[in-house]
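Before anything else, here is the set of structures, which you'll find just below.
After this come two complexes, each holding chain A, first together with chain B and then together with chain C.
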Partner chain A sequence: MSSVLIAPLVIGILSSVLAALIAVIDGIVNNYGEVNISINKGRKNVKVKGGSPLLMTLSEEGIFIPSACGGRGSCGACKVKVLSDVGPVLPTEAPLLTDEEIKSNIRLSCQIKVKSDIEIEIPEELFSARQFKTTVESIKNVTHDIKEVRFRLENPKEVEFKAGQYAQLVVPPYGKIKDITQRAYSISSAPSQKNYLEFLIRLVPGGIATTYVHQNLKEGQKFDLVGPFGEFYKRPTKADMICVAGGSGMAPLKSIIYDMYENNETDRNVWYFFGARSLKDIYYLDEFKKLEEKWPNLHFVPALSEPSEEDNWKGETGLITDVLNKYLKERIKSPNGREGYLCGSPGMINACINVMTSNEISEDKIYYDKFA
Partner chain B sequence: MKMTPELKKAKENMEPGKITSSGFLGEDTREIVDIIEKDEEIFKNLDLNFDEVCEKLQYYLEEGKKGLGEPITVDGKYTVKIDEARGFLPCPFEDGIFRKINATLINNENNEKIIYSELSLHLLKKHHFCQGYGSEFRIDPLIIKKIL
Partner chain C sequence: MTPDINPFVLFFASIFTSNILLSNFLGMCSFISVSKDIKSSNGLGMAVTFVMTITTALNWIVYKYLLIPFNIEYLKYIVFIIVIAAVVQILEMIIERVSMNLYMALGIFLPLITVNCAILGVALFMQLRNYNLIQSVFFGFGSGLGWWLAIMALAAIRKKVDKAPVPAALKGPGITLIIIGFMAMAFIGFSGMLSVQ
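Up next, the complex of A and B:
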């Protein structure tokens, strides 16, 4: 055989041997076998195959940690407390953790891998989060860029949640998007509707999930949801509730307000400030006006920042923070104290916190959901 | 300009599913260097300056934040809407991380529209990378010329 043929043949054989060797070594080195995850001091123990990120490993066991980026390490939502040594904080985690969180052993569950027995702590309520198989019951346009989407739960058929909490929409791959995408949205229906979950979803230009909902989602379609999650809910006090929202931030406050009405909690004063740019951006106006008639302690204050002439708007005008400031100074007397409930963009929430704290609502009495 | 190992890595990072689900290249199959060189040429031909464009777009993004999540009229002829989401995005060139803040800028006089993020502005200023054709966040110089 000529050397012209022998050389490639030898190289081919050597390459194959090397590839096989790498595969064998990889199988040995990266085979972590069965490992135990102890959650909340042994309240739950799960035996899993080691080697995968904690976030995905837990979800395969039916324990759902909130995540808005599907494990890419970009949202910082999937934080858990890790009591075992899993190595130093990774460069992919560091930007999303505060110094205090790092000192408290908080880690991003999507970034750390389960390689040996591990002990973690998660909020108790995450044990009740489930993946729901649903059917899209209805899709309605409530403004030119916000849709009200109602899902009928198929399996499980019922959900328990606190008004104000959120769930994650599991968006299937579409168009150029090759992966499943999960995004969090506040639930807008009241908890009494146990067979349904309703959301208000505003179109975000370039947004993967919102574009899917606005352009692809159809009534009758099967769809998965994961939840409920979140710490944003009504505190059981007698203090006046000062609620502020804009756009799809309406969702959790609608759920909270209807939940209170259904449970006859109408002796409590609720002030609900809703900001929009013009009349075409405002919705549920008639619905809340009717509710106000039945519930004298509910005060719905819609405000437009840039009403057009044809809007013929007779209500409050200006940025919602300015309207809020005016009411807190001049109109709202609160012998039982005040609590703030906010839902909207981080910028809107920060601005509202400033107004509230300057009007003697302490920051620990202000509750918010920045990412509706 | 050559496709250095750093640029090859950046191109990998720009693919759908790496940093963002839809990626940074859209339908564009060109190499990053070719995209950058072509857009630099268009910028020059249109008498646009990368730093000046970035400065103006940053200004509208900051002004847009005053709308508190609602669209706001800026300088009488622009509508700006800011959308914010949880977390950060790393630059595909691996030289920084940026908050997920998107601006939609519309010139009301001609209805031309552009969507950009804090990361888009960094890519433009630091790397002269406008993103590929078909990317929703491409800062297309031809559209920029009509808008600004």
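Up next, the complex of A and C:
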């Protein structure tokens, strides 16, 4: 046989033998049998096959820890608290952990392997975050550019979330968009509706997800959602809630307010300022008026900045910040203190934070959900 | 022809008189960069010794029973590197399972060794000088220990030098290279005791 053939053949065979050897040894050496992962002090226990990184093991069990790099150890997003001993911090983790994190046993879940029973702690919100297979139940126009989209959950069938949190819409490739796109939207339905998730989606010209929802999404269609996530939810105090929203910023506040009403938390004063340009931009007026009648401590204050003449508007007019300032100074007496809840464009939120801080609401008592 | 050298002589010679680092200047880049820290130097030295001994023996077998029969000795560079890479991979997996402490001590140095030219150099010398299997194992083990000794010595010297008023232009690698030169001369002094190559 010519040496031209022999050389590649020998190298090929040698390489494959070595590769096979590595695979076999990997199978033997990395077989750790079945191990138990105890999450958040036994709130959930999962039995898994050991030997793989914690991040991948958990996602196979349906617990999604955020990771931007996909487990290569370069983003540092997948930090979890490990309570059992899994060995010292690895050189691949060290650059992404601060000294404080190392002291409190925070580790990169993509780097540590599950070898024996371990105990970990993850933020409660990640617990219920998962991928939902859904069907589009209904799509309604609530204004000329905002749609109320309701998804019926198919698998899993139920969701648990805190009113005010958001979920991500998994938009399939369409038209010129070749990749799957994920975009976050606040959930507008109350948590009591466990089988449904509802969103308010405003058409943003050029927006990938909003354009898809407004032009391609049909009732009855299958659709994927990931969630819930987020830190924007009601704090359990007695302080008056000063809520301000504009446009589709209605969503999380609607969820929060309906959730409070359903749980009979109607002792608390809630002021809800909703800003819009003209009557065609405002929605859910009747719903909130009805709710106000049943809940005396709820005050819904819609305000139009540029009402047209045919609107025949009798409510507040002017910029929402001016209306807010006027009410905070003159109308709202808060013996129990005040908390701010804001949802809308960054411009609106920043302006409202200024108004609120000048009216005795400290910045750490103002919670907001900014979307760009 | 296999040279007539006692394996033990070969072993001591490769540690002192023909130290792979200080007489052949192989494995310099990790030698200079890692010797900043004694603990890392120790880990790397251990890993090099470990891998060098095993790969030299394996490469001897592969060369003798695969490359020579097929008359493809010119492929030795590629084949030796493939064998080294595979051995390092396997060793890493086994050490991780068997001893987490050793795994942590070796740290990231184990995978780095794949590209340490001293390892390939020892395999090539072993073939060039026609050592037999026993001689090759002693040569590999001795060279590994020699490398370990040299890096520990350099790390200790550098620790002293850190406190010395080194001229600004020579700080870091500059003074290190000069030190290595002196060390090499000192090691050559050993050849008065025994000489192999």
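Definition applied: the second predicted complex is superposed on the first by the 246 of 372 C-alpha atoms of A that agree within 3 Å, B and C clash if a C-alpha of one lies under 4 Å from a C-alpha of the other, contacts with A are read in each partner's own complex, and residues count from 1 in each chain.
As a convention for this text, contacts are C-beta pairs under 8 Å (C-beta built on N, C-alpha and C of every residue); 3 or more make two chains touch, one makes a residue touch a chain.
Keep in mind that what you see is a predicted model, and the values were worked out from it rather than measured.
Once the two complexes are laid over each other on the shared chain, residue contacts for A:E231 go to neither chain B nor chain C.
In the superposition on chain A, contact is made by A:I25 with chain C only, not with chain B.
When the shared chain is aligned, chain C comes close enough to touch A:A7, but chain B does not. In the superposed model, A:L319 lies in contact with chain B only, and not with chain C. In the superposition on chain A, contact of A:P88 is made with chain C only, not with chain B. Legend: residue contacts after superposition of the two complexes on their common chain; A:S15 is shown touching chain C, with no touch to chain B.
For chain A, the partner with contacts to more residues, out of chain B and chain C, is B. Residue contacts after overlaying the shared chain place A:E61 against neither chain B nor chain C. In the superposition on chain A, contact is made by A:P205 with chain B only, not with chain C. In the superposition on chain A, A:E360 makes contact with neither chain B nor chain C.
In the superposition on chain A, the residues of chain A contacted by chain B and by chain C do not overlap at all. Interface residues of chain B, counted against chain A in their complex, comprise 16-17, 19, 21-23, 26, 65-73, 82-90, 97, 100, 102, 104, 115, 136-137. Those residues of chain A that touch chain C in the complex are listed here as 3, 6-7, 10-11, 14-15, 18-19, 21-22, 25-26, 29-30, 87-88, 90-92. Listing the residues of chain A that touch chain B in their complex gives 68-70, 72, 74-77, 95-96, 176-179, 181, 184, 204-208, 246-247, 249, 275-277, 281, 305-306, 319-321, 344-348, 351, 370-371. Taken in their complex, chain C has these residues touching chain A: 62, 66-67, 70-72, 75, 78-79, 82-83, 86, 89-90, 93-94, 96-97, 100, 104, 107-108.
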